[in-house]
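There are structures below to look over.
Both complexes shown next keep subunit A, but they swap its partner, so subunit B is in the first and subunit C is in the second.
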Partner chain A sequence: MKRIVDFICSDKSLYVGSILIGIIIIFSLIGPSLSPYNYSSQNLSEALQSPSVSHPLGTDYYGRDVLARMMHGGQITLGIALLATTIAVLIGMIIGLISAFVGGWLDRILMRLVDIMLGFPKLFIILLVIGMGYSSIGLIILFLAIFSWMEIARIVRSEVLVIKEQLYIKSAEAIGLRRRRIIFIHILPNVMGTIIVSSVLLISTLILIESSISFLGLGVQPPNASWGTILTEGRFDPIGTWWISVFSGIFIIAAIIGFNLIGDGLRNILDPKFTGNS
Partner chain B sequence: MISIILKRVLDSVPTIIIGITLTFLIVHLAPGDPGIRFLDPSQSPEIQQVIQKRFGLNEPLYIQYWNWVKRVLFHFDFGNSFYNGKPSSEVLRSALLPTILLAGCALVFALITGILLGILAAIRSNTFTDRTITIIMMLFFSTPAFWLGIMFLGVFSIQLGWLPSSHLTSLYHDQLNTIGRFTDYIKHLFLPVLTLGLPLAATFFRYIRSGVIEALRSDYILGARARGIGHNKILFRYCLKNSLLPIISLLGVIIPALLSGAVIVEVIFSLPGMGRTMVSAVFGRDYPIILAASILAFFAVVAGNLIADITYSIIDPRIRYQTRKNS
Partner chain C sequence: MSLLTVENLSVVNSPSGRSISILRNISFSLNSGETLAVIGETGSGKSMLCKSIIGLLPPGFSRSGNIWYISSDNTKISIITAEESDLLNMRGREIGMVFQEAVASLNPVVRCGNQITDVLSVKSKIEKNKRKKHALKLLETVGLSEPERIFHAYPHQLSGGMTQRVALALALAGEPQLLIADEPSSSLDSISKKYYLNLLNRLKQENNLTLILVTHDVDEALSFADNILVLYAGCMTEYGRTGDIQKSPAHPYTKALLDIARALKENNLPAAIPGEISSLTNPPPGCRFHPRCPKAQDICRVKEPSSICISNSHSVRCFFLVDLS
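Moving on to the complex of A and B:
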């Protein structure tokens, strides 16, 4: 435990980012059990109240407590982003490894596929796919992952290509270690650092994309709420119901900044050569 | 040079073919039949079949695909919109101008802001000015365009009433003189361009700042200083030129990002552009419009990548010589 704390304190960006994300996670996980309100229970007599002591972040059109909805929204938003990132990283790692190890025509085809997928305007295409299908949370996670694994695959491939040629891998091959052992014990741990950095940055990108889709009304559907869904509800009267859009926006921004800071911090630690900004 | 361009153009052909085919499959395999959308549920299945036949949706998928490709390639006909019967190319042509205006202005705005602030932060690096600019830019970098847009809309259009909240032109636009029309455009585009441009400016800022800082530390700048070359010339001719290189290679990623961003911004500010056309076509299952819009977006991205590659090889002599040696 102490080692983890020391590690986090060793870089300022990582430190600030971890605190931000820590607060958000505690808020979304523990918050709902402390809140007197349920995220979906309506109370029309208290509709559209501005922030007060009983409703710190106000209420929405149906008199639902915005704070309770933000806590629930945090679970959904972070859950979607984390799960989709995990799937994307897995796909990216597998394709990157295959590409680097098999080489030849398979490598060329896979890398061309990466180019094509990167060429799609991401939001445009996810919008298309989700808009055409049923927008369930599971499908959103799946599609987000399908359109985000490419960068990871590229990174894994190029790193593995370099590591593969190094002497210790050659000698591991020479003494007859099985390929699976070489990949999982000698190569992957060396690529892990880069993968972690880019997957943390991917989380913040996915939070952004998910809230954009939900904002357009194609993502998470009511009565479930992600932060993007909540933001949409305040969108039509940005002044009269300012608390809905302002607070949900602040949460989205805080989460994105948090993950970006963690990613930057990890990169500074893992790659001291990187001159880095902020 | 010409051979490089030709090779890159040929390279992008399979990309375009696969991209278009994928889009066609996504659109046609998705659940939700456009034939049903025009129907009252109480009407008989025969009427549904009539509608499907009219749109050519009753045939097997590969025949539909083949017919569609034939029409697009030989007649440049993307089919008519299911809703208003207008040809897709006509619908998109009118939607193209707002998007190009929006994305172009946003790109120019982002480049100017990003470069100027990046240089300023780099020459003052680790001072109060640098930290303030960096933190503000970090905020913009992490701010979703839709939130920024809503806030701008609320503050500048609704609360203060300084700028119009929607559309590209005013109702009386045609009665204005040339200068009036121009200012009318600027007024309508100001907030959307800011919304789309600020996060992009923050991206450029990060690259320019770290690039210039790195360049200022390098030996060739020290050499230039020693030869007595002026400070401004060093900054703009030597440092900036080198830090612009990563941005040019970024163009391939920026163009899809701009298109995606334009979707959101157009929806918020009700601009009659490609993004809004696309969103309403997706909601309405208007297949021909969706396909034509996706192809256009795809072409824009491929063309952007091509332009980026070519510019890159023109600017950076190392790449030019390398390809010449190889070919």
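Moving on to the complex of A and C:
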């Protein structure tokens, strides 16, 4: 535990980012059990109240407590982003490894596939499919993952191509270790740093995309709420009911800044040659 | 009994249709428990010889000829025609290899000890809970005084001499019969070098190792090896017992190398061999050494000398032997 704390404190942006994300995660996970309100229970007599002591972030059109909805929304938004990132990283790692190790025509086909996937306007495709009426949280996760593994695959491929020519891989071969062992024990741990940095940055991209889809009303559907869904609920009277959109907007921004700071911090630590903002 | 017999080994690299001859007609045999030193200048094909023996040539290189190896259960294996899976089993367990740059040959993100236990888990029958103890013992046998600290250290936390010894422990973990050391001491300072070579000698006797030592230090080869193989631009110029070669070098190149070593030992500025090593992509016709040879005649420029046996353990490729008396 102390080692983790020391590690986080060693870089300023990692430190700030971790605190920010830590607060958001605690807020979303522990908050709902402390709140007297349920995220979906309506109370029309208390509709559209501005922030007060009993409703710190006010209530929405149906009298639902915005704070309770923000906590629940945090679980959904972060859950979608984390799951989709995990799937994307797994796909990207597998494709990158295969590409680098098998090489030849398979490498060429896979890398052209990456080019094609990168060429797709991903938001548009996601909107098209989900707009046809197939919206569900599972589908959103799947789509986000399918459209975001490409960069990981490219990074893994190029890193593995460099590492597999290193002398310690040659000496592992000379000792007679099997290829699977060489990949998982000697190559992957060396690529892990780069993968972690780019996946943390991917999380914040996916939070933004998910919020945009939900803002357009095609993402997470009521009574479930993501931050994007809550954001869109305040759009009818953005000045009069400002609290609905402003607080969800702040949370989206905070989460994205937080993950970006963590990503930057990790890159500064893991890549001593990178002197971007340190 | 010969543990390793190499017959007419040639290695060819053929990028884009051209074929470049990296090694030509190398033949030697190595008895169990003996040491062979391979000497020659940079670019003479020493490392390629090691890699072809262990079967790890880079893609695009092909071997011809024969390499016979007697494994520990007394079967004769042809390394060139063996299945890749058999070779995989042999590496580490039968033939070990140490590379020139030890720091680069250890994985930077895995602790030294774990790298050794990892090899033990694949290459030996030692039970899981005894592996660490065995790894510590290995570290101790290669002369590291604080095995426990080294076990938990990452390669970058150790000095060059220490990592070279960890790499040696790693190569010995599978208890091979034959150890190929590709310039193991060239990145060390002269004191650690002496220490390392003594260690190698001691381990060789304790474990009955057969050793192929690649070096460009002639003195090291003379004091350490039983046999010497002199390579020049991929050709085997001379091969024989160390005593024979030291007493009566038959090839002008060998003689020049020995003269340089002697001059260095006597603290004189040695006379360099004029010219540069001939390129492998565009080798001179005839004997590859002729552009630099003081004794070159017309025949050297057109015809490649064949191997002449001076005695049954001493052969040379030259038309005009330096000293046959």
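Quick note on the criterion: the second predicted complex is superposed on the first by the 276 of 278 C-alpha atoms of A that agree within 3 Å, B and C clash if a C-alpha of one lies under 4 Å from a C-alpha of the other, contacts with A are read in each partner's own complex, and residues count from 1 in each chain.
Methods note: a residue touches a chain if its C-beta (ideal position, glycine included) is under 8 Å from a C-beta of that chain, and two chains touch if they have at least 3 such contacts.
Bear in mind that the values here come from a model prediction, so they are computed numbers and not experimental data.
S.K.: Quick check on the superposed pair: does A:A100 touch subunit B, subunit C, both, or neither? Answer first, second, both or neither.
M.R.: After superposing on A, A:A100 lies clear of both subunit B and subunit C.
S.K.: Touching A:I244 in the superposition: subunit B (first), subunit C (second), both, neither?
M.R.: Neither subunit B nor subunit C is touched by A:I244.
S.K.: In the superposed arrangement, which partner chain does A:L128 touch: subunit B (first), subunit C (second), both, or neither?
M.R.: In the superposition, A:L128 contacts subunit B only.
S.K.: Mind working out whether A:R112 is in touch with subunit B, subunit C, both or neither, as first, second, both or neither?
M.R.: The first partner, subunit B, only.
S.K.: First (subunit B), second (subunit C), both or neither: which does A:L78 touch?
M.R.: Touch status of A:L78: no partner.
S.K.: Touch check for A:L206: first (subunit B), second (subunit C), both, or neither?
M.R.: In the superposition, A:L206 contacts neither subunit B nor subunit C.
S.K.: Could you let me know whether more residues of subunit A are touched by subunit B or by subunit C?
M.R.: Higher number of touched subunit A residues: B.
S.K.: Subunit A residues touched by both subunit B and subunit C?
M.R.: none
S.K.: Quick check: in the complex, which residue numbers of subunit C touch subunit A?
M.R.: Subunit C residues touching subunit A: 54, 56, 87-93, 96-97, 99, 101, 104-110, 118-119, 122-123, 167, 170-171, 173-174.
S.K.: Applying the document's contact rule, which stretches of subunit A touch subunit C when the two form their complex?
M.R.: Residue list for subunit A touching subunit C: 166-168, 170-178, 181, 185-186, 189-190.
S.K.: Mind listing the subunit B positions that touch subunit A in their complex?
M.R.: Listed in rising order, the residues are 14-15, 18-19, 22-23, 26-27, 30-32, 134-135, 138-139, 141-147, 150-151, 153-154, 158-159, 206, 209-210, 213-214, 252-253, 256-257, 259-261, 263-264, 267-268, 278-279, 282-283, 285, 290, 294, 297-298, 301-302, 305.
S.K.: Can you list the residues on subunit A that touch subunit B in the complex?
M.R.: Going by the criterion above, the answer is residues 112, 115-116, 118-125, 127-129, 131-134, 204, 208, 211-212, 215-216, 218, 231, 234-235, 238-239, 242, 245-246, 249, 252-253, 256-257, 260, 275-278.
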